[in-house]
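Look at the two complexes coming up: chain A is in both, with chain B in one and chain C in the other.
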Partner chain A sequence: MTTTTAPSTRGKPAVAGQRRRRFKSGTSTLFFLVLPSIVLLLLIHGFPLIQAFIQSLHNGTLVDPGPFVGLQNYIDNLTSATFWKAAGFTVVFTLVGVFGSWAVGLALALLLRTRIPAGGIFKVLLLLPWVVPIVVSSTAINWLVATSSSPIPMLFANLGLAPPLFLADPTWAKILVCVFKVWISFPFMMMMSSAALASVDETVYEAARMDGATSQQQLRWITLPMIARSTYISWILMTIFCVNDFPTIFLVTGGGPIDATNTLVVLAYRTVFQNQQVGPGVSIAFMMTVVLVFISTLLYRQIRKAAI
Partner chain B sequence: MAIIHQTAEIGHVAEKQLLTSREKGTRGQWWRFVLILLITIVTLVPVAVVLFLAFTPSVTSTTSGGFTAENFTSVFATTDVVLWLQNSLLVTLGTVIVSVIVAAPAGYVLSRGRSRAVSGYSLLLFVFQSLPVITSVIPLFILFANLGLVDNLLGVTIVYVASAMAVATWMMAAYMDSIPISLEEAAWIDGASLFRGFVQVVLRNSLPGVLSTAIFTFLVAWNDYLVAIVFLRSAVAFTLPLGVQSFFQQNTTDWGSVMAVAVVMMIPPVLIFVLLNKYFSVGGIGGSLAGQ
Partner chain C sequence: MSDLRIPDVSRRGFLKATGVAAGLALVPGLAACAQSKTQTSSGGGTAGTLKFWDMPWAQDAYNKASEAFVAAYKPAEGLPNAALQRIQWNNFTTTFSSALASKTGPAVSSGGGFQAFQFADQGYIAMADNLISTWEKDGFRKDFLPGTLEAMKTDKGYVAVPWQTDFRVWWYRKSLFDDAGAKVPTNWDELMTAGEALKKKGYFGWGDGAGAGNNIGAHTMVFMMINNGGGLFTPDGKLDVLNERNVEAVDFIIQLVKAGISDPASVSYTTDNHLAQWKNKKFAFGIYTAGLDQALGEPSGADLLAASPLTGPHGDKAILAFGNNIMMYTNTPSQPGSEAFLSYYIKNMKTYWQQGVVTGLPVLQSIVDLPEFQKSASNVKVVKEYQPVAKTYGTRSTQLFAAMAQVDGSQPLAQFTQSVLGGQTDAKSALTTLQQGLSTIVKS
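Up next, the complex of A and B:
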């Protein structure tokens, strides 16, 4: 009630002051508003992180913590060929996943931005790979490629090529999971790109066309720079999604054949839950975490600073 | 005469040019239509495979040719698919409701707050979002075993809420950024507290933001496999992903039945997506992440 007596001629500064005062006096309210989410995050991510570090220094099972072994688990992993093989494939899988899905997603977003009959329907249909559960789509992939008489190997045979054994040949298994990952992820990139493209002012293109810019030039010198920030963010998010991805690989190849499609997450899971070696498995996950947090914090600061 | 003739010719040429460019426009449009149609067809092959096999009579069946719903009737009669569906629905609804309740106020703070503490909170969200689920899942398994939350739907619900938290908060914040702060300021001047301003002004106008957050968390909980396979051990606690997977491993050749279960799992997310397509957006999170 007291505020209504203040002279209204003060206008904007009064409101700004009001705003600051309100937020200052409401600090406890603000804290109360974020408290549930902080408690949950610390309980589900923070506490286990510390716990995971302790476990990685022991050599136990899921029920028994086992003896303290110091950094032995880390040394064992860093000197193991399986670990480096998985680390290598994690990098390949992530690079293909991020840039493959970005290229497809951006191309489709650009295509869908032009006038196309029934464009709206395509927009909806093309998002389905992201909506359909991976458990379901991986079952379909399995039917398509599992044996030499499955449809896709048969297609190769009909084209006069040697039918590949996707689940038995290491190279084909790698290609299969990478393509599957791109298939799952491109709708996300398409949505990110579409949202960014929608914010680009059309008049810029008109000006460029008047100056005689070709469509390739427009893409390279107008579109890409104008959506750059959104692109970086989508790359960072997709990197996190790819490095942490488990079902895409596990449900299609299970990490095989001969560990060819193991990524670090799959390797950590298999070490803990299939080989019952908790310490070594958790130390793999922990190393991954440290690298990922380091990279993502660095990139996060970069985006905040750049603010294009 | 000559002049008239000339202008007529110019007019004719111009008309011709206009025609060809318009023709080219529509031709380009059709060319793009065919291209995108082909891409869409190739993209939807796995989805089509699931549907086709689910409605095709299985090898052991007496009916031959044509489409049939008998895979569904046999799956519903012989497996626990109803139980799995029920578990999945419980877990997913729980995750959606709790996520929105927790993420909406947090998103409000992220959207309106401009202090060091808020930036710190934002960084915390980002770091926790980038943590591999596998790292937290193993210690949590031991903690939850002591609390009796292993093999328990409540246990997985808590984990899902936490794993969806960061993106859910960004999505809420992104929507709330579009609500002008002057609306709350008016409420404050009328004597409303910060909390009342948030609930009665911002939250009441945030239905689209709430819906997109709900859709996102729905997908996280419905589609998850890793958390479920670690925490849910006995068949009575299985959610659909585990049900589909275990059924698939036991019946690798009976594709009709496997795909019928897969269709049951695919329907809810696809239905929600088609009905609420308008609210299905992740584009906004970029802005709130980068903190404009």
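Up next, the complex of A and C:
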């Protein structure tokens, strides 16, 4: 008995010790396994990020880091009218970009769900604005509207109307850039919505129809809640795409006229590379990052709250 | 079987592990960074090769011609060979700055008109004084057109050597003036009169462009200030935007805009849009670079012609020009090698004009005298009439300086140009905003 009980009572600490040893050796194994990845991550992401943050605290040029100014660059930006003008248009551009492209994309996804002739061909054609390189589509839009000899101003002139200054008038330029963003982004939303709609069980609609639900009620109370999770994900992604969208603005208007279409990312670029003010420009980028993380977190919480 | 398995790891254990890894990663990274500042790189390329960075100065024909030209360089015994690398204009300041800071930059380069002054201030430029004194001895210095070489001189010496001049030129389309029965202007009053006559026929007497990437509009603004005896800087290189001559010049442009003599859409014209308006015979008169006829593929001296420099209301006749230059850097495998290559380049560059692959105008009299150059009536006229009255951004200063590099292509200048061409401002307000904007970026 003693021989049987003794090992069992001593066995517990022996097993625990074994586990501890295994844990220790396992930890070190894990450590060495993940070490290359962590080193790479720190070198690729961490180091430039820290370096950039340090730059944002200095007032230097591309060559000379310049004197340490603390948070002065952040304060200067936050008290600058140009910064807030750019921030304001970034909000407008993002809201129109996200919800405009979502509305168009969802509408087309619902339409393509019905049986229409050559639906597959339509799907491919509707993807083109997303697939075509932005350089090509921005050149096309410029060709369409830029000068008095361009097709759309010519059309207005031939109809006896005064051609709008699509790129030269601040209001028209804002409208054009937002519409262009919706146009190049809706295929992405259409794909996301199509994928989400495909997962909604048709029998739910059958039951709703039997209960006398109208099409609008089905959309409001069945479709939208059931694709909510996918919708929130697409909103998060499109928000990030819009806030960080440099080429759309830069290629179509360059941020003009008179800074009317300047967004924060374009302002950051122009501050660093055109004005050669590295610190103030990088600080704009950092503030953008903080705001993006905040918005993404909020939307991510909505995903968790979503019904399905 | 392997005994390897993933154990349960506590959060603290994981953080400890990552912390150690982070430390391990950062220490060599930071150490490498710190070392890079103190290391003395061989620079300018591997031993025996001298890096020459060149910009795409014209169409593809220029790129091919310059590659052949550099390849044809045969250095003297013991001196390094040269290798060409093409640098795009997009973000070129960043490209040069980061390369110089990391000691991977060129030994010799072309570049922005004021780049040499900016980098000389930062200690990256090898002065060309020795080379120029050699040219004085062999008589080559006399070949430079008056004022071209002198424009490169600073208190520390010659920061670069000019190789072509980029003039801003008054152009007019003869057929449109004939159609409108207008006289080609010779002064500002006549410009207004001609503009009104052209407007009646649907043409623009003030062709301009200030859209994304198009600096002609900004240059036009400074051109008009200079043409009126004003400018952006005092003689000692300080910002002086809000002077009376500038206000008068900008006020005149706003009058042209409000009179409908300027194209209202020009605010957003890219270079392509700008050229299209000239090509489509919408622009009858305006400022552009030399070689506009060549850029549009039109025969020289036919319909698109260079006008004589206009006289401002106070009798001033100055025009804006940029002295494009070639500079040497201190980070070179061999300074005598850099000088030998630059000397070869300048003394033999006439081949570009013989082949007709550049639109800039020569700085050497021997090139101006070439029959190939003399064929272009507009180019000859520009050299003859514009060169003597050419001014830089420095205008009233006898020397160029680094601040000009910070102003040219800057956001405040672009915004100012768009606000003036938009016509929704007055001269004093626009110039006040410009002064405020430039004072934040000019570190002089």
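Note that the second predicted complex is superposed on the first by the 250 of 308 C-alpha atoms of A that agree within 3 Å, B and C clash if a C-alpha of one lies under 4 Å from a C-alpha of the other, contacts with A are read in each partner's own complex, and residues count from 1 in each chain.
The rule is simple: contacts are C-beta pairs under 8 Å (C-beta built on N, C-alpha and C of every residue); 3 or more make two chains touch, one makes a residue touch a chain.
Computed from a predicted model, the values in this text were never measured in an experiment.
In the superposition on chain A, A:167 contacts chain C only, with no contact to chain B.
Of the two partner chains placed around the shared chain by superposition, chain B and chain C are both touched by A:34. Looking at the shared chain after the overlay, A:195 reaches chain B, while chain C stays out of its contact range. Among chain B and chain C, the chain that touches a larger number of residues in chain A is B.
Of the two partner chains placed by superposition, chain B and chain C are both touched by A:62.
In the superposed model, A:270 lies in contact with chain C only, and not with chain B.
In the superposition on chain A, A:251 makes contact with both chain B and chain C.
Contacts of A:47 after superposition: both chain B and chain C are touched. In the superposed model, A:259 lies in contact with chain C only, and not with chain B.
Of the residues of chain A, those at positions 22-23, 26, 29-30, 34, 38, 43, 46-47, 62-63, 142, 250-251, 273 touch chain B in one of the two structures and chain C in the other.
The part of chain B that touches chain A in the complex is made up of residues 29-30, 32-33, 35-37, 39-40, 43-47, 49-50, 53, 101-103, 105-106, 108-109, 112-113, 121, 123-143, 145, 158-159, 161-163, 165, 169, 181-182, 185, 188-189, 191, 193-195, 197-198, 219, 222-223, 225-226, 230, 240-241, 244-245, 248, 255, 258-259, 262, 265-266, 269-270, 273-274, 277, 280-286, 289-292. Those residues of chain A lying in contact with chain C across their complex are 22-23, 26-27, 29-31, 34-35, 38-39, 42-43, 46-47, 61-64, 142, 146-149, 165, 167-168, 173, 250-259, 270-271, 273-277. Residues 1, 3-4, 15, 18-19, 22-23, 25-26, 29-30, 32-34, 36-38, 40-41, 43-49, 51-52, 55, 62-63, 108, 111-112, 114-119, 122, 124-129, 131-137, 139-144, 183, 188, 191-192, 194-196, 198, 229-230, 233-234, 237, 240, 243-244, 246-247, 250-251, 265, 268-269, 272-273, 278, 281-282, 285-286, 288-289, 292-293, 296-297, 300, 303-304, 307 of chain A touch chain B in their complex. Against chain A, the residues of chain C that register as touching in their complex are 4-9, 13, 17-18, 20-22, 24-26, 29, 91, 93-94, 97-98, 100-101, 122, 124, 210-213, 263-270, 272-273, 276-277, 280, 282, 406, 409-412, 414-415, 418-419, 422, 440-441, 443.
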